[in-house]
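Multiple structures follow.
Next come two complexes built around subunit A: one with subunit B, the other with subunit C.
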Partner chain A sequence: MIRLIVLKRTRPLKYGRLTTVALALAAGILLYTLILAVIGVNPLLTFSIISASFISSGVVKDFIVLTVLGYALLVAFKGSLWNIGAEGQFYMGAVPVIYLTTIVFFTTGSVSIIQSVLVIAGSIILAILFGGLWGAIAGAIKAYAGVDEVPVTLILNYVAYYLVNILILGPFQGKYVYGYKRTDLIPEAYQLSIRVQLAPTGNPVIDGLLSYVRELIIFGWWVLALAMVVTAVWWFFNKTSLGLKVKVLGSNPDYLVTAGWDVRKVTIATFAISGGIVGLMSALYLLGYLLRLEYPIESQTAGYGYLAILVAWLSLLDIALVPVSAYIISSLTNAGISQSSAPEVKQALAQAGFAGAELSFRWIMIGSILLTYSVLRFLSDYEVRVIRE
Partner chain B sequence: MSGLESVLGVVEEIAAAFITFYLVALGHSIFEKAGLLDLAIDGIFFMSTGAAVLGAVVFGTPIAGSLIAALVASLFGLLMAYLLTALPISHGAVGLSLQFLGYGLGIVLGYPVRQQVGALYAFCYSEEALFEMVGLALLLGVLTYYLIEKTKLGAAIRASGENPHAASALGVNVLATRLVAAAIGFAIIGFGASFFPLLWQKYWDLKVYTLGYGWLAFTIALAAGRHPIFLIPMAFLFGGLVEYSVTIQSLLKLPADVAKLIPFIGALGAMLAYSFTRLGRIFASPQSLGKIYYKEEKTL
Partner chain C sequence: MGSQQIELILKDVTKTFPGGVVALQDVSMKLGGGEFVALLGENGAGKSTLMKILYGIYTPDKGSIILNDEVLSIRKPSDAIRKGIVMVSQSPQLIDKLTVAENLTLGLENVKPLGGFSTASKMIKEYSLKVGVKIKPEDKVWSLTYTQKQLVEIVRALMLGAKILILDEALTYLPIEERKKFYVFLQEFKRNGGAVVVITHKIPEALEVADRIVVLRRGRVSGELTRDEASLEKVRELMFAEAAKEITYEKLPGSVKGEKPVIKAKDLWVQGDFGVHAVKGVSIEVKEGEVAGIAGVVGNGQRELLEALIGLRRVDKGRITIDGLDVTNKGVGQVRKMGVGFIPDLPLRFGVSQDNNIMENIAVLFHRERFVIDWVEIQELTRDIIKTFKILTPSEFYPVKILSGGNLMKVVVGRELNYSRRALVAYNPTRALDEITAVQVRRIIKAKAKNERIAVLFASEDLDEVYQLSDTIYVMNSGKIHGPFDPETTLKEEIEKLMVM
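Here is the complex of A and B:
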């Protein structure tokens, strides 16, 4: 009789981490393709769209957002604090941005450079504080009430959605929106994107490269922030005592207690930092791209907070691998979007009755990859052997 | 007389919400009693509502919808219990993955038929069925109580949740026990969730996944200690909170989202009350809930 047994590895698997991640991705994409094939989308088409999305310049925006959010979650995950609340922290971070730019300092004309700079800087700082505070609430509930942080952060996401909804319908309701349930557009004076026109040359390779350059210039401020976040997170974990405590909290919390450190404070501070980074990205996203909030927020969200979990997990909590996994995830989500807009797919989906629900396939993709990854991850620490008896 | 009538009126208004929350929390409790952490609950809830819509429309009767939802959810319970018991992997990670997958699959199951028929009204339970369903839900609760507390299987389920290694040493087949608990538990979750579109709202669309009612059921189960009987008042309370927050909101002329917000604030409150009062000790979670069950060498 043949049996399969699971054994703990005595020595680590060579390239184990990369193998596991690659295997999980491949299996996840396969599962996603299969589910779509059942609905009637040709698997080859799915594969070709997925590969095309890996070299498209459309991923730049999502790549930056997801890398920053990935780092935010990495900070918490390193301490084994499962911050699933980036969605909530993101939208709470948006509150002061909208308040300052579209209410207090709203303008239809031009303002002085000093005012622009001050309003933008103020929104970013307050967004960091709001995001951090929202994270700290979850941290405090975890620290003082001992409730598992996963349901708490998730519930706080819903609370944040509805709070922001109430604001959009109430005090944040725009004056120049023709009755739509949305905020006013953030005035041009406070927008953070860099306008650029690059003339096409006609050569597809050069144009392809140029489109990357263009995206990087448009989101130049984001690139700068990204560089700052990477440096800060590296510095945090390698040069600060709090960073060390977070790492110890993740690997051996009893040691922290024995050494006389206050685990509660570390927990709250970690959540605050994690939420603060999310808040920073939220401000940049609003000022540089989204420019307004729209009701109802829970069905407008791009789901960045959830995608970031995927990014942090796939990076295996390695600082150097976060951008790699953010690149993979942003390419895959863009594949999801371009797939649902490809004519052949649209037709197949419409025939199966899915017209209008295309983007929801993003959930299937997130779910499939996360699932195969969560399951296959054990292979880096354990081996499976076939035994004949 | 009018007092009694108004009490009955309140019960009637809350009944459909109660059945939904009670059954979902009940099934979730059986699953977690066996030591399996269920973070997939919200996704499974939504997927079941989608499956229920599909079943009810295809077979033309709400009962088929409920049974198909129970079947689909049950399969996911089996998958989850198998993965989490046979392999040394994180309960939380698998649960969250299945939550997201559940969101997607719920749309795949429910959306096309929903678009085809437009209104669900013709495929829903009738108003007369309401009290029968309350009876059925309470009966399931009593049966579950009996199963968990009075039978050998129930003892095995509790043992697998408290200390699976000791249970295994005493001759309990932990994998088989958890598979049974998961199949029954998730079937009840799916069955309960089917009442959301087919009895309570008589409506379904893909935005249902944003409601987060699965997480409310999670909180109900936590705060009532996963106890089939104590779940009854807790589910009634949250059913009332969800139903009446709409009434309160329209009476006080508050924005609609205040109504959506209230149950979640209630959920946070229930969690805090649970940990800061004696409830936390009386209704303690199973010792090995969410812990990886791994023996040095293990047959898949």
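Here is the complex of A and C:
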């Protein structure tokens, strides 16, 4: 008789984590292609759209946002604090940015460079504080009332949505928006993107590379912030005593207490740091890309706060893998979008009676990747042996 | 119990752990029905690992388990239970919120689902009477004492149809009187054809109850002795080889205690886990360079007293001062900052963080002042502790969860001893350590008191330990403290009398 037995590896599998991610990716894409093929979409078309999205410069923006947010959540997750409130922290971070740039220091003309710098810097700092505070509220509720952080952060997301919606309908409503329910545009003087024109060369490979470079320059400030966040998070967990406490909190809070630390303070601080990083990204996103808020706010971003949960989860809380998983998730979301807007796909879906469900299909793909991944991740820790008896 | 005679053979069992630690190397062992076997060995010798393999918690790399000529394939505890092999460990695995009867009914495949409760109630009543430990089936588990919980565990094992009962230090921490009752009961289980394997580090007890003693040393069987052949010296030699001569229970030379009190408690009232006072008006004073030992049967308020002193438990009434500074209800952080080491009860739960490595476990206690950690300094300290306490680990970078129970305890003890600059508060400081390490730890404690003038207050259920280590002895009984007594002039019998009176 042949039996399969599962054993814990005595040594972790070399490159086990990367292998797991790659396998999960392949399996998820295969499943997605298969489902669409059943409906009548040519598998080759699906493959080509997905592969194209992985080498498309269009993912740069989402990649940066998701990496930063992924790190924000990683900080909390390492302490077993399940912060799923990045959405709320993101929008709370947006509040001071809109207030400073479109109300207090609003301008239609030009301002001194000093004022530009001060307003931008002030917006960013306040956004970090607001995001951090929103996170700390969840942390304090968990620490002092003992309520589980998952429902708390989730509820705070909705509180944030509606608070910001009220602000947009009320005091933040723009003066130059022709009655639309939105804020004024952030004046050019406070915008944070770098304008650049690169002439096409005619060579597709070079042009492809150039388009990456262009995106990286446009979001140059974001790239800088990203580099700072990576360094800071790495330093936090490897060199600082608070970072160590967060790790111990994630493994055994009882020992943290015995060692003489206040678990409540560590919990609140962790949430504040996590929310603060989200706030930073929020400020950059508004100043560099979104430029205004619009009612209803829930539909303004691509659900970055929730996608970031997938990024952090897929990274196995490994600092080096967060960018990898962020790249995968952003490529896949973009693939889903291109897929759903491709006329062949639209037609096939309509014929099969799924008209209008295009975007939902990408969630099937992301979902199946995460599912296979969750199943496969045990391979890096366990081995399967075949024995004959 | 089936009428069939049991014969269990473990053959050539080998097990390697993550990090390459070889826990067992070609270990073979036999067990028959009607037999009581004690499995002994120093920390990390592989006792628990071997039994966990038999119970399906670990899978062996190599080797087989043969029950009555049938080769068993045990991959998980339910496989073992189906074959009548059940293990009870030192920490109860019960669900606190449920009643005794509900806990007993959980996971019983061979009890009729509807009849479960009444069967369970009947059995627990019967065994509670037999063993002589009072339990009612409708008691909530959280309200039980440790002894009662362990009885529930054993009854559960019997309800699961255990023919081979493995007790991994399951009785070690019970008060002597109650432990004896359990042993009487286990002898009856044995006479009815059952087999018992007991893992313990208390050799005299093993000699008293076991028919056969199997000794493991560094992952191999170093010898087997029948009841008649076995003696304390022989067992120790098999366990520790030449190092056995280091074992001593002679009183360690005392130090001259200073005049300055370090730990001082006055009329302390502290609540236990269930809202009643566990410490009732205790006053105690430990001076510089003094080692004070509290003797007592477990559950008489020693744990609550020590936890209150370190700041883990609220003080209802009374004052605690450390080095003259009032620290009453100021929290653990304040007391720790003053350089007080603490060895907690249940060290594996409260004393280490299993997913972190040894260095991190040490740094989180030692690193208090600056925000940035000096890892070089911590690494030096870690290596020092690993060396002094002979901790078996592939390196200081491995998560501590791969260490054996005894080695984990060494991490806790080593760290806390090093941390004690002014005082050490310890609950069973040598629990789970083998005799050689235990003696070594006591020597280090004594040396620290003598050379670094720290004040030591410890509680121990082991009266020999209290006598070997203490300059001053106290006895705790029903939340009240008696003493101080001088170990030189006070007879053990007098102390024992105070413990149970």
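Going forward, the second predicted complex is superposed on the first by the 304 of 389 C-alpha atoms of A that agree within 3 Å, B and C clash if a C-alpha of one lies under 4 Å from a C-alpha of the other, contacts with A are read in each partner's own complex, and residues count from 1 in each chain.
Convention: a contact is a pair of C-beta atoms (placed from the backbone, for glycine too) under 8 Å apart; a residue touches a chain by one contact, two chains touch by 3 or more.
This structure is a prediction, so every number in the text was calculated from the model and none was measured.
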Give the label of whichever partner, subunit B or subunit C, reaches more residues of subunit A. B
Mind working out whether A:Val152 is in touch with subunit B, subunit C, both or neither, as first, second, both or neither? first
Thinking of the overlay built on chain A, is A:Tyr382 touched by subunit B (first), by subunit C (second), by both, or by neither? first
If you stack the two complexes on chain A, which partner ends up touching A:Asp262: first (subunit B), second (subunit C), both, or neither? second
Determine, under the contact definition given at the top, whether A:Trp82 touches first (subunit B), second (subunit C), both, or neither. first
Just subunit B (first), just subunit C (second), both, or neither: which does A:Ser374 touch? first
Is A:Lys142 in contact with subunit B, with subunit C, with both, or with neither (first, second, both, neither)? neither
Touching A:Leu163 in the superposition: subunit B (first), subunit C (second), both, neither? first
Could you tell me which stretches of subunit A are touched by subunit B in one complex and by subunit C in the other? 3, 5-8
Residues of subunit A touching subunit B in the complex: 3-8, 35, 39, 82, 84, 141, 145-147, 150-152, 154-156, 158-159, 161-163, 165-166, 169-170, 296, 298-299, 306, 309, 313, 352-357, 360-368, 370-371, 373-375, 377-378, 381-382, 384
For subunit A, which residues count as touching subunit C in their complex? 3, 5-12, 239-242, 244-245, 247-248, 250-252, 254-262, 389
Touching subunit A in the complex: which residues of subunit C? 16-20, 59, 61, 71, 73, 75, 311-312, 331-337, 342, 344, 349-356, 360-361, 363-365, 367-368, 370-373, 375
Considering only the defined contacts, which subunit B positions touch subunit A in the complex? 39, 42-43, 83, 86-90, 92-94, 96-105, 107-108, 111-113, 115-116, 206-207, 209-210, 212, 215, 218-219, 222, 255-258, 260-261, 264-265, 267-268, 271-272, 274-276, 280, 294, 296-300
